Each structure stands twice: as C-alpha cells, then as structure tokens.
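Each of the next two complexes has chain A plus one other chain: chain B in the first, chain C in the second.
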Partner chain A sequence: MATEMNLLERGDVAASSGYESPPPRVGFFTDTSVCIGCKACEVACKEWNHVPEDGLNFTGMSYDNTEGLGADSWRHVAFIEQKVVGTDGSGQDGIRWLMASDVCKHCTHAACLDVCPTGSLFRTEFGTVVVQEDICNGCGYCISACPYGVIDQRHGDGRAWKCTLCYDRLSVGVEPACAKACPTDSIQFGPLEELRARAERRRDQLHRSGVIDARLYGESPDDGVGGDGAFFLLLDEPEVYGLPPDPIVTTRDLPAMYRRAGVAAAALVSVVVLGFGGARR
Partner chain B sequence: MSSSVTKQGLREVHPGREAVSQVQATADVSQRPHRRAGGERSMVGEADFRSYYGKPIINKPVWEAPDIPGYLFLGGLAGASSVMAAAATASHRGALARALKLSSTAAVSLSGIALVHDLGRPARFANMLRVLKPSSPMSVGSWLLASFTPLSAAASLSALTGRFRLVGAAGTAGAALLGPAVATYTAALVSNTAVPAWHEGFKEMPFVFAASAVSSAAGMGLVVAPLHESGPARLLGVTSGAAELGLMELMKRNMGAVKEAFTSSEKAHRYEKGAKIAIVTGIAAALLGKHSRVASAFAGAGLLVGSALSRFAIFEAGLESAEDPRYTVVPQRKRLEERNRG
Partner chain C sequence: MGTSLGRGGATTFQQDLQNADWIVIEGSDMAECHPVGFQWVMEAKARGAKVIHVDPRFTRTSAVADLHVPLRPGSDIAFLGGIINYVIQNEKYFRDYIVAYTNAPMLISEDFRDTEDLDGVFSGLDEEDRSYDFHTWMYEGVEVQAASGQRDQEYQDRANRGSQDNPSHGQGKSRQATSYEAGRGESHGSGGVKVGQGGERDDALQHPRCVFQILKRHYSRYTPEMVEQICGVPQEAFLEVCKTLADGAGPDRTGAFCYAVGWTQHTVGVQYIRAAAILQLLLGNIGRPGGGILALRGHASIQGSTDIPTLYNLLPGYIPMPHAHDDENLEAFLEGASTDKGYWGEMKAYTVSLLKAWWGPAATPENDFCFDYIPRLTGSHSTYETVMAQMDGSCKGYFIWGENPAVGSANAKMQRLGMANLDWLVVRDFSLIESATWWKDGPEIETGELTTEDIKTEVFFFPAAAHTEKNGSFTNTQRMLQWHHAAIEPYGSARSDLWFAYHLGRLIREKLTSPAEGCDDLDRPILDLTWDYPTEGSIAEPSAEAVLAEINGWDGDGQPLTSYEQLNEDGSTACGCWIYCGVYTNGVNQAARRKPAKEQNWVANEWGWAWPANRRILYNRASADPSGKPWSERKALVWWDEDNAEWTGHDIPDFARSKSPWHRPPPGARGAEALSGTDAFVMQADGKAWLFVPAGLTDGPLPTHYEPQDSPVPNLLYSQQRNPVRQVFSRKHNRYHPSPSEPGAQLFPYVITTYRLTEHHAAGGMSRWVPYLSELQPEMFCEVSPELASERNLEHNGWAMIVTARNVIEARVMVTDRIRPLRINGKVVHQIGLPYHWGANGYSTGDAANELAALSLDPNVHIQEVKAFSGDIRPGRRPRGPSRVALVEEYIRRAGIDGETGMEVRDGH
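What follows is the complex of A and B.
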C-alpha cells in the first residue's frame, strides 16, 4: 500500500515528495541549555510573519504568558522553575530555571500533512511543512492529528496556521527570523545533517562537564515521527517542557485502520444479509 | 564566542553557544507527580506523571458538537440504511425499503450540512474534492459521500415517485455498495488522530461504528415499517444493539489507562450511561412488543437514541483525553519504559 511505503521511507523527504534534486533538508537545533528566555524569537516571528496578537494574559506560569504553540504563537518560550538540592555545601536548596523555545517540529512523517484533505499542507523543497492559506478550508483535521499540539485554528479566521520555518526567507537564502534574532544561538538554523552532528557534540560536551541531564529530543530518525526537522537539547524529561515523551505519527497505524474498517464493512453486509435471511415474514 | 575589545585587550569574554550551565540539578524537589486540585476520585495513571503547568500536550480538536458526533451518527444511519434498503427491496418489503431509502438520503443530506457547518471556512467546502489522498480518511470520505449522496437520492426519488425504475435500481444497488464504507470509514477518520481516546481505540472502533450503524438503521426500520415487514429490522436491532454495547466495552477495556476519559469527562459518562439505558430499553421493547406497532416504534426510537448517544460519548471522551495531559503522557511513558526494558 502506498501509505505503508511512504511511512517506511527513510530517504530524503523532499525527493520522496517529488522534488528533483532538492536543496539539503534544513531545520532548527534548539539548544535549551543556552536559552535565556528573552523571547526575541517570539517577537521576531510575530513581526516577520504578521502573526496577530492573541490575548495579553497574565498566567502566573513563571515568565510564560504565551502558554503554548497555536495559530498565533509559532514560537513559544517555556519557563520552568525547579527547586534543586544545593551542592555548594551551604546546606541551602537552590533554584534552577529551565527555558526552552518550542516550535513546529517539521516532522519527517508529518501527520498534519498526511491527513490534510485539501492538499493545503505541503512539503517544501527544503523538507519543511507549510500551510497554503489560500486553500485551507478550516476542516481542523491537522489539529487533531498533530502529536505535538503545534498547529491550530485562528479565531475569526477559521483556517489552520503554524510555523512555516520562514519559507519566504529560505527561498531567498536567509535564515528564519527566530534564529536570526536569537542572541545566544540557542536557536540554530542549518542543514539537518550538520545540526544533528553538532547537537551530538554539544550533548557530549555537556555530559563531560557534568550536566548529565542533557539529552537530545526529536533528533533520531528512528523515533515515532521519523525524526524532527526541528529538534532540541533538553535538560529534563520532555513532558516537563510540555512535549510528548514518545510521539508517533498517527498515520503509521492507518493501513491497519483501513483494513479493520474494511472487515467491519464486510461484517455489516453479512449481518444484514443474515438478518433478512433469518427473519420470518 | 562573543567579547568586547578594549584598550586592555579582550574583555567580557562570553562562551556563546559553548556555554555550560552552572547549576546542575541533583534532585528536582519541586516537580512532584502532578495531581488534580480538589478531592476528586482517584484515577489510573495518577502515580507518576509530570507536565508543563498541567497544560495539555496536544491541541484540543476544533471539531464541535453537535456537528461532528451528529455526523458520525448520521453517516452510520445513512450507510446502514442503504444496505438494509437494498435487502428490503430484494426481499419485496416495499414499505420498509422505501422508508429506509428516504432515511438514508435524509441522513446523508443532514450530515453534509453538519460537515460544511463545522468547517472554519464553509464557503471553501469544495476544496475537499481538490485532491484524493488515501493518507487522509477525510479526503477518502469526501469522495465517498460525493458518490454516495446522488446514488441514495436517485433511489429515494424513484421510490417516492414510482418512476425511473432503472435509475432507482441502480441507485439502490450503488448506495448499498458504498453504504458499508460510509458507515465505517468514520472510525478510521477519528482514530487517525493524536487524540488518545480515539487513537487507542482504532482496532475496535470500526466494529463499534458498524454495529451502531446497523442498530440505528434497524431502529429506523422499526419506527417506520409496518409490523408485517419489520421482522428483519427487529432481529437486526436486537443483535446489533447488543453487539454495540459489547464492542464498546471491549474497545474501552483495550485502551488501558485512556479508558478513564470515558468517566472523567462528565458529558461522556452521561452520554454513555444514556446510550446503555436507551439500547437496553430498545432491545427489551423490540423483544416484548412484537405484536404492537407502538411498542415497535418505541423500540426503534430507543435504538436510534442509543446509537447517537454512543457517538456523542466517544466524541466527548476524545475531547477530555486531549485536554488532560495525563492521557498523552502516561501511556507514552509506559511505552517508552517497556521499550527500554527490551
């Protein structure tokens, strides 16, 4: 079956989407260990992409008043305050403050793209996933399908919106607005292969210096979505940052769903035939 | 590396992306397992589970009631009605056939309205037929409905007017051919999401939907058909109503911790209880009221209401499982741990 073949595909995502000799796949490596929570990424993204204001709330969630990704927040900086047992001999507990800038993962196997019934969502030549807003009819299927809670419907507009990895900027050879604005290089943009190698070096460096909690998230092509185009270095479990610990692309199970729907349909016909055969007049 | 250059040389040399965090967590004492506020009843999966301020991991579906659960019900009613209508036509049960053809057309028309109404951009509904994508059950379903609706309408038109017999026969046969898919593809549609209570039920969901569809169509048959023609509807209503209840239980049991969403959501809990009562009442009335037209119609109404409430329960359980991060985190953690253990 075509869907099964597609899901097992390990090669170049752009090439398997029909692009002839596409440029290398690009993405983000977000190294949260150097994030300072300045939210320059959030602001740069909103400014560049004309993303509308979506409520000026005070949440009480540390410095986070954005709350999460959605139609009008394509970058979201999470702030996590944790008490830690002091290690300096003073006997006093300390605080550690985790910050992380979340974004669309531009999955290798993107559920939003798979389930979109209009073809509004598409794979770009850069291997990223983008919504065509002139086609989207707001059916909402992508929103239920995304395992990360990224894409959402814009109020008063009805269509689905998410990060485009600055498709317009990529097309003219400049890096996405958030990466450009990041003052600490926590958000690094580049060819995915290069980022993966750099991320591994960075994780090893942190491990050597005693930061044993450092771990990569979404970097592996063997995970449930075939690897993320935008992946992370985290200092705690993914769910602490609001990320799913073991996401899968729902369409992985679609062939099985279709098979079972087929069997159920056949059963329906058999039952009706038997019912009419078995009933007395 | 970044720095500032002064007369004294480099000052304020910062390590940039090579920076190493100064504080290392040796124990995190603030993030105790997340618990719900207030003395709510204890739940499976409460044990060890962390989250970001209790915020959901996935975004809540934007599909709304009554449009979408209503559609799941009406699609099932339309699909199964068309199959039963063909069987009734073949077995010369004219009144039953006519009524089921009409119910199929009415249900599929209403469901079309519900689907377009639920779109964020209803005026763009025709974009559904812009492509045919097997990886999207909604795309497949749009083409199914676009083919099924005119066939069902042709069958109804011929049944009503008594003319265009050939077109009517073709419509009846065609609708009966597509009907089973119309009734069951919706299970693949809702299961093919990241919503835990929908996805985790993907193995049983098509069978729950098929049973619920036959139960509703049989219920319609009991409501509209005269007693001397309602034998098959009675038999099918009793059996598929019982099957619907049993399969729903089986589906929930195989969901693991996620089945709690059917009780932790007050709406889902209420709808499911209502569905059970309606279906059991319908079955009892169908069995006891064989010789009463009124009792038969009452039985049919019970089965119809029960089928609809089942779909609403599944829909609401899905929303609940999306809104509470436990339903995303706990099963995924368990899966990870099982994999790590080998």
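What follows is the complex of A and C.
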C-alpha cells in the first residue's frame, strides 16, 4: 500500500519537495513525563505569533481552559486527572495528574498540504508544514483533511491557522518560542533524527525505573502518516490525551480512489461511446 | 532562619538542588509558583534524587514528585516534629556535625520549663501582656542577645545597666510589652544573636539540660501515631518520608528543603521554618552542596525588599530600626543591637557607613553621624497595624506601590475601610487595580456600607513603568542580584518607582526652606540628604547605576569598596547597604554579569552577584569537617588548603579566607576576631547554628504544634489550643471562630487554604489584565473533593459561596480528586482550596479569597494566617447588596461570636 505512490515514500521530505540540499529536518520531542503544566508554551506561542486570545471560558476540565488545538491555540496543554491504586497505606485511591502539551504534528505525509488548492500550505526547507496566510482562501479543505484535528479556521477571518514551528525563528537559527519557554525541557526542539534517538533513550530509562507505561507516539516513520515531525512520550494510551491511536493520512487512499474513479469514468465513457455507437448502428 | 543560622535568606541556590539526594518541597507548590526554578528539581530527579511533596493538595508539583504526602493545612510542625523525633530516636543525626557546628551541646538555664512541663507553653509567659519573658531560655550562666529576630528583647537590660535604680525600665512586662509591640527585628535578617563568652557544654550530649536532650524530650510525643492523628498522614507514608531523609544523610549524602509562604503565613509561621532548620541541622544539611533550605520568594525582588527593606522595623542590611527609647543615641543603640562576637560585632561600621551614604558631609562624629535624623519606632507599625491606625484615624496618608491590598491582603474589607478613612492615598500600578477604585465600585459600595459621596479620601493614581522600561536590579530568591536594562522608555505618563521617589523627594526639598535661609530643624533630615543622583533622557530618569554605586559604597577618596570588611566606624567610608558591599567592585556593575553557565562551574559565581560577598551557599565552612577537610569527596564544596594556608573550593568561602581551622581567638577578642576556626555560622554571636533559640523569638525557643487561630480541630498534643502570644485583634470586622470545643464551632467545619496558580500573579495586577493569561484561568473557583461536593450538594462547574465570620464570597466549583478528605483523630475533615488572585477589576474577575481571612498574625514577623483557617461552603451564588452583610451577621449570631471569641491566651486552664 505504502508503495503505491511516492506520496507515502520515506526519506527526506524537504528534498522530495524540491529543495536542493536542505538543512536537516527538525521537529519537537515533547516528553510529557516532565511536563509541569505551566502553559508557558501556550503563552510564548501566542506572544510570538500574535495569535489572538480566544475567550474566557471556565471549562471545569481540570486546569485546561484551552480545550484543544485550534486557529487561536497552537499549543494546548491537556490536564488529565486519573485515579490510581493508592500506596500510602490509607486505603484511599491515589491520583495521577497527566499533563501534555499538544501541537501540530508536522506529518511526514501531511494531508492538509495535499489538499490545499492554493498552495498556501507548503513544506519548508526544514521539513515543517506552514500556512501562508496571505494566500489562504479559506476553503477549509485542510481542516477536514487533518487526521489530528489540528488546523482550524479562525472565526471572523475565515482563513486556516496552525503552528508554523516558528518558521520565522528557524530561518534565523533560533528555536521555536514554545521550546524556548519550556522550563523543564518537556518540549525539546532539534533535528528529528537526534530527537528520535533521545526519545528512545528516555523511554528506555523510564522503563528501567519502573515507569512501564511510558511509550512514544508519532515517532515511527512506519505509522499512518509516515511519522510525525512533532512526536511525544506519553504515559498512557493516546486516547487518554485526546490523540488518535492510529492516525492515517486522510489522502492515503486518494490515488487508489482516483484510479478507481478513473477506471470507472473510462468504463462509463466506453459504455456511453459504445451505446452511442450502438445507436448509430 | 535568621535566628537559627544567622541570616534570613535561602542558604542555597536553586541550581544546586541538582546535587541533592532528596528534595522535600513543603509549604510550597514550587512547580506551580516557581516553574522556572523547578527545572533544577527535575534535574535532580533525573539524576536519581527522590522528590517528595508534602502539601494539603495534589498540585502540579505533586504530579511530578516521586511521593505526594497530603497533610492538613496548619499541621506542619507536628509533621516536622515527628521527623525530628524519628531522627533522634533512631540516632540518624549527623553527630560530628551537630557537636561541631550547632548549639546541641550547650546547657540551658535551670529555670527553663518546656511545653512538656507546662502543657503547651514555655516558661516566662505573661498572660496579661500576651508575651514571653525569654530570660529562662538562656544558656546557663551566659547572657544572650539575638542578632536577628527580636534582637532588641534585652535592650533595656543592657542599655540601663547603669541605672539599676530605675526598675521600671529594666525588667518585667513593660520591657517585654514594648519589645513585643515594636516587633523588633525580622527573622529575614542577616545576623546572629549575642551571647557572652563561655557557657557550659557537654560534647557527649548527655547532660539532661543540654540542648540536644531538651530537644529529644520536647519532640518525644511527636510519634508516627500522633502525626497520623494530627496531620491525617498515614503512618506508612510518614515513615517513608522519615526513612528517605534519615538514610539520605551523613558525610556522603545531602538533601534539601524548599518552602514558601505555605509555611510562613501562619500564626506560628516563623516556627515552621525553625522546625525545618532544626531538622536540616540534625541531618547535617546546612552549608553543604545539595543540602540547605531554599526559601522561595513569591515576587521578583521580595528578597531585595527585605535586604533594602520596605519593612518598618529594619534599616538596610538588617540593621534594626531604632526605638524611641529615652535618650537614645548611636552608642546606646549599638550597645543594644550589636553583638560581642561574630560579624554583627561590626555593626557600628555598618551603621555609620549607612548614615554617611544618606547624609554625606552633614554626618559627622560630633552629631552622631546624624543618627537622630532616623525616625524612631514607638510600637509595631506593620502593614496590618497600619490598617487599624487608618481605621482609628491616626494614619492619614498611604502609598501603595506594587501591592493590591484590597485583594491581596488578609481581611480585604478592613483594608478598604482603612483606606476609606484616609486624607490621601497614592496608588502606583500598571492598571486601575481594586485598591485604586474601591471608593466608586468596591464591595462596600454595593452593600451600602460605604457611600462614594461620604468618602473623604483623596485618591491619586500614577501609572507605573514595567521592568522592561527601566534599569535596575532584582534580588531573587537566592539572594542574587541580576541587573535588567531598559528596552524602551516608559509608555505615556508611566514612570519608574525610582523616578517617582527621586522627583517626589526633589520637589519636597525644593518646597522646604533651605538651611541658608534658616530652615526648620525638623526639615534638616530631608534637606541634608545626599539627593543628587544624575538623571538621563527626555524624562529625567535617575541613574539606577548611580544608586547601585551608593549602595555598594565608597572610601574617603570616592573609590568603590569591594567588601564590607573595609567598612570603618569613623565615618571614612559610606555604604548604603553593607551586605551589598562589593556589588560595584572596581566601579563595575557586578549584578550585570552574564557569563554563561557552561563557561563556569555549577556555582556560577560570575553570573550576577549574590550577597554576602558573592557567596552562593551560606555557611559553607560547614561543608568541611572541623579540621577543614570535606566531609566526603562527593559532597566537597570548600576546604582548607594547608599549603597556601587559605580556604578554597568551588564556591567563595563564607569564612575569613586565612583563618585556619585550628585558630582559637585570644581572650577578650571582639566581633569577627572572636570567631574560632570552627565557628561556621559566622553571623551568630557564638558562631554556632541554633537548634534551640535562647533569644530572638517572641514565641518560644523550640517549634511547638499549635492549631491555627480558626481551626475545627482541637490540639491533640497539649490543652493549649493556639500559639499563646499570636497577634490577634478584637475588631468589629475581624471576628474569630469559636474554638472547636465551643458551641458554634460546627458552623465552620471545613479547613480553607489559599494559594496561587501558575497562570496568575499574586493579587492579579500583573495578570488579570493580560488576555493571554486571563484566558488560561478565567474565573475565581474553589476546589473541593467529590465527598465534600456530595455532602454539600455542590455541582461541578456550578457556583458555591464560602462563608467565614468576616465575609462571604462566591466561586465556580471545581470538584476534583486532587483535594482529599483527611482523617483527623478519627473524624473526616474536608478541605476547601481557594486561589486568591481575583478581584472585581480587570479582564478576568471574581471574588477575593482574602475577604474571608482574619487578621491573626505571627508575633515575630506579623504575617497573616491565610494558609489555614476554617469556614463553611454552600451551593449557589452569594447574596447581593445589603443581604451579603446580613448573611455574615447571621452566621456570627448563630455561632455566638463576640469580641472575646478566639482571643484566649491560655486554654484549658
């Protein structure tokens, strides 16, 4: 299936997008095991990228009043309260409070980019996926195409917005604002290959120290989106954090669909042609 | 910490936490409130340290700790006392360390009686004056004087030694009462306490009256069972903490404590920190890498604001503010305040240099260096007593800079009623905070208690410049000065605090008649001031660096000083704050140094500048054994270099560089000269850290568990319910709740604790107007357990009102398992968590938690008890208008509360 067409090829995403000797692909490794939920990433992102404040809404969802990624929230810290087996001898349940900063995944196979009719969404030389707001016509195709529900239309503006992985900062050799602001290095920025190796070491270290639930999410080039440019270390199932367990690039089946549609159309044409031909007969 | 160790600052720095083998965070939600510094806790954890969070609530800190231990708010001394007892009973203390560096071997007076003997109070209690006479707490045969804390306690004893025929000045309660009211000194200080030479000691620690044995007896009933009953901490969890600490101590291992206002804001707040100091000394954790006590400050320069104080009872560098004693002059002041031994023995040099910095050429030996120009204390003028003075009409004017008392101070209503009785009020802030607008839209306007037309206070509002718009320094939580440079000029008419203070002083001076024209003598202190700072730019901003240069000080030739050891008492040096001397060494702003961490060792002495003398770990002489060798290679910090005959190491030694470990002072030596080569606690008058405080504290030599002023729980250790000498105020708007044994107490069955969230700052002036922060925590809310929600029919996301005898507020309800009901003495006690950021103004709004808190204060430092009090909670929104007041009055009536309620000194007797 993955061999059906070059859309799902592995390899250098920037080079295959036409960049000549691009810099190494970069991304985020978000290690949620050290996240303290300070939301500095959310604020730093909004400050740097002039993302508007989007309303005062007391949700009651633990300390999460952002609720999710959207046109006006390019970083989102999830807070998940869980009951666990108590260990203090009181006989009461214990509690675990998971925190995780979510962000655009900058997929290897980015459906948003595939479906964009204006070329507003493009692959940068760093291998990231960015919207050019001055070209976006607000068609919204990208929104339904994203398997993670990340990209979103801004209310009253109509255009699509999402994390740029601070393209402007990368261009001058500075790390993205969220990673810069993160006090505990939960958000780590760097060349993707390095991050993947570091993440595996971190997972193994946690396993050795008894945190057997630690797992990586989005790090594998073999997953349904060809691996994420922004991947995670989680302490529970992805669904717990609001992440799809098995994301697949929504344009994966498009070639086959078009091919089938093409075959069907050709068949239809030939039937019609045959039909008319027959009528003439 | 000042009284225990000699200086009232964090003994360590945040980066050094990475070297700890364990870290206990208690009385602090460090990840929540100090997220940037918390990276070093995470670094320690990554290196294998065990991180323990002891806190009533499961917070962001608990989420990443190895162990969270929930305990009832207000019970920390019982918990820490339990660990002290465990360490002593199991002989887990670092014996060589405590014999060498603490007062554990010292014998205490035969007249001393412990709380074990007197059922919860110490000897010397004067019930009528609500104060202690500390004389029975003394070392045997030695006179002691606190160099920090209530240093002036025995002022009258000594200042009047020549006039024994005037007993009314000398002994007894009038002296005690004066000292108590004036609240001399501050435990945040930099200093030790005076002791005469000698004193008996028992290095075997066996004498029944030695400090160690007294300590052992004092905590002998703080057992795991008792801890479980008082704190609600299961024994299993408690013993896990004990074992972690005890096994992580000794020559090879160290651990650190981090605390914040979760410990200080109690009627026994100072004693909470004392308990931690005792424990850390027993474990040998002070002055060593990975050890120490980190006092986490809640604002960017709170440490700075006690070093160069905004406190009424201190002068710069923790020199006490003089009293309006009869005939007091510089000599009498120094006699009462300085010590014979230790660096406080040099107080005259520090004081005279300060006077020279302020009054320059006008300060001469003939006029006592203008010592008479300093205003005198006549009693306690702490912030809360000032509020009462406003209500009583004796305080007429008020400046509010960087504060929002109408939201951020306890009993917010009294704050506003006080301001409503002023002639004038000046508020400087970024925004129109509640403290600036209460006269037109405050809660009392709505209830009808105040009417705008009837308020005579003239209110001035001045917009303040942000830190990005001004030069200056912050002194952070670890005593480190870091310079910030203005990026832009202030917007519009906003101005820096420095600009405001300087130009206000300039204008006042211009309005006064000059000395040449025969000015009023009363104006001389203002007119003689050296008030000549250069100004810069279009707004005539005073040079912050010129102020720093004056703080650093200079010699007779105007050359910058490099160390406070250069200060003289003859007026030949000037220095605005002796502990900051050296920050402008060689005319270079040392606070502006930014050498990256990777280009130096972890101590990073070349980043910024820390007082004293750029030392980063205080008392680091104690990182070496008495002979000067590190206790272990793993925990080496400074050591004696025999070849070069000097102290050396990774940090700057907190010790005279060339004083050998074998140095013994000659008889009659004074000041720093009197310190021996093993006196590691150089600010203390005996050179030792104090497990037992013979003088310097108003409420006892040893921390003792007392219940908070308003508590639904009886004191299970003693019949004495509360700290007998806590400060309480019987006022119409400041009613206390009945003791748990009294009728009416059941109306306030729940324990309330207040706190901050990462998303907001303090009383909200810097965050509630910021959309990016407001959207992250948009509304006031309360946190309750599912069990309490069910008991009181509280609905998640709905509304609740919270009631005390002071006021009623409303909040959105957050039902969460993070708040746990605690089993106290066989009964379930529920907790209510309240963030205190909100008020009615700004973008994100809500009721202020401080409406509920009473004014009940720690007697040493006059801090309010807002971390533990009792109250009620009900579903629904609070009443509007006059019925808000009626609801509170109804509670007061039903509970039978009057002006006597909760005012008891001695309970059960």
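We take it that the second predicted complex is superposed on the first by the 254 of 281 C-alpha atoms of A that agree within 3 Å, B and C clash if a C-alpha of one lies under 4 Å from a C-alpha of the other, contacts with A are read in each partner's own complex, and residues count from 1 in each chain.
Rule of thumb we're sticking to: contacts are C-beta pairs under 8 Å (C-beta built on N, C-alpha and C of every residue); 3 or more make two chains touch, one makes a residue touch a chain.
No experiment lies behind these values; they were computed from the predicted model shown.
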item	value
A:Asp213 touches, of chain B and chain C: first, second, both or neither?	first
Touched partner set for A:Lys46, first chain B, second chain C, both or neither	second
A:Val130 touches, of chain B and chain C: first, second, both or neither?	neither
Which superposed partner A:Leu192 touches (first chain B, second chain C, both, neither)	neither
Touched partner set for A:Thr184, first chain B, second chain C, both or neither	both
Chain B versus chain C as contact partner of A:Ala14, first or second or both or neither	neither
Partner chain in contact with A:Lys83 - chain B first, chain C second, else both or neither	both
Touching partner for A:Thr66 - first (chain B), second (chain C), both, neither	second
Contacts of A:Met99 with chain B and chain C, given as first, second, both or neither	second
Greater residue coverage of chain A in the superposed arrangement, chain B or chain C	B
On chain A, positions contacted by chain B and by chain C	33-34, 59, 81, 83, 93, 96, 184-185
Chain B residues within the chain A interface of the complex	16-21, 23-31, 49-53, 55-59, 61-63, 79-80, 83-84, 87-88, 90-91, 118-122, 124-125, 127-128, 130-131, 133-139, 142, 180-181, 183-185, 187-188, 191-195, 198-199, 202-203, 205-207, 209-210, 213-214, 218, 228, 231-232, 234-236, 239-240, 322, 325, 328-329, 332-333, 335-336
For the chain C and chain A complex, residues of the former touching the latter	31-32, 35-36, 38-39, 42, 58, 60-64, 69, 234-237, 240, 757-759, 771-779, 781, 796-797, 812, 814, 816-818, 820, 823, 843-844
Footprint of chain C on chain A - complex, ascending	33-40, 42-43, 46-47, 53-60, 62-63, 65-66, 81, 83, 88-90, 92-93, 95-99, 183-185
Chain A residues within the chain B interface of the complex	1-3, 6, 31, 33-34, 59, 61, 64, 67-70, 78, 80-85, 87, 93-94, 96, 111, 114-120, 135-141, 143-153, 157-160, 184-186, 188, 202, 205-206, 209-213, 235-237, 239-247, 250-251, 253-254, 256-258, 260-269, 271-273, 275-276, 278-281
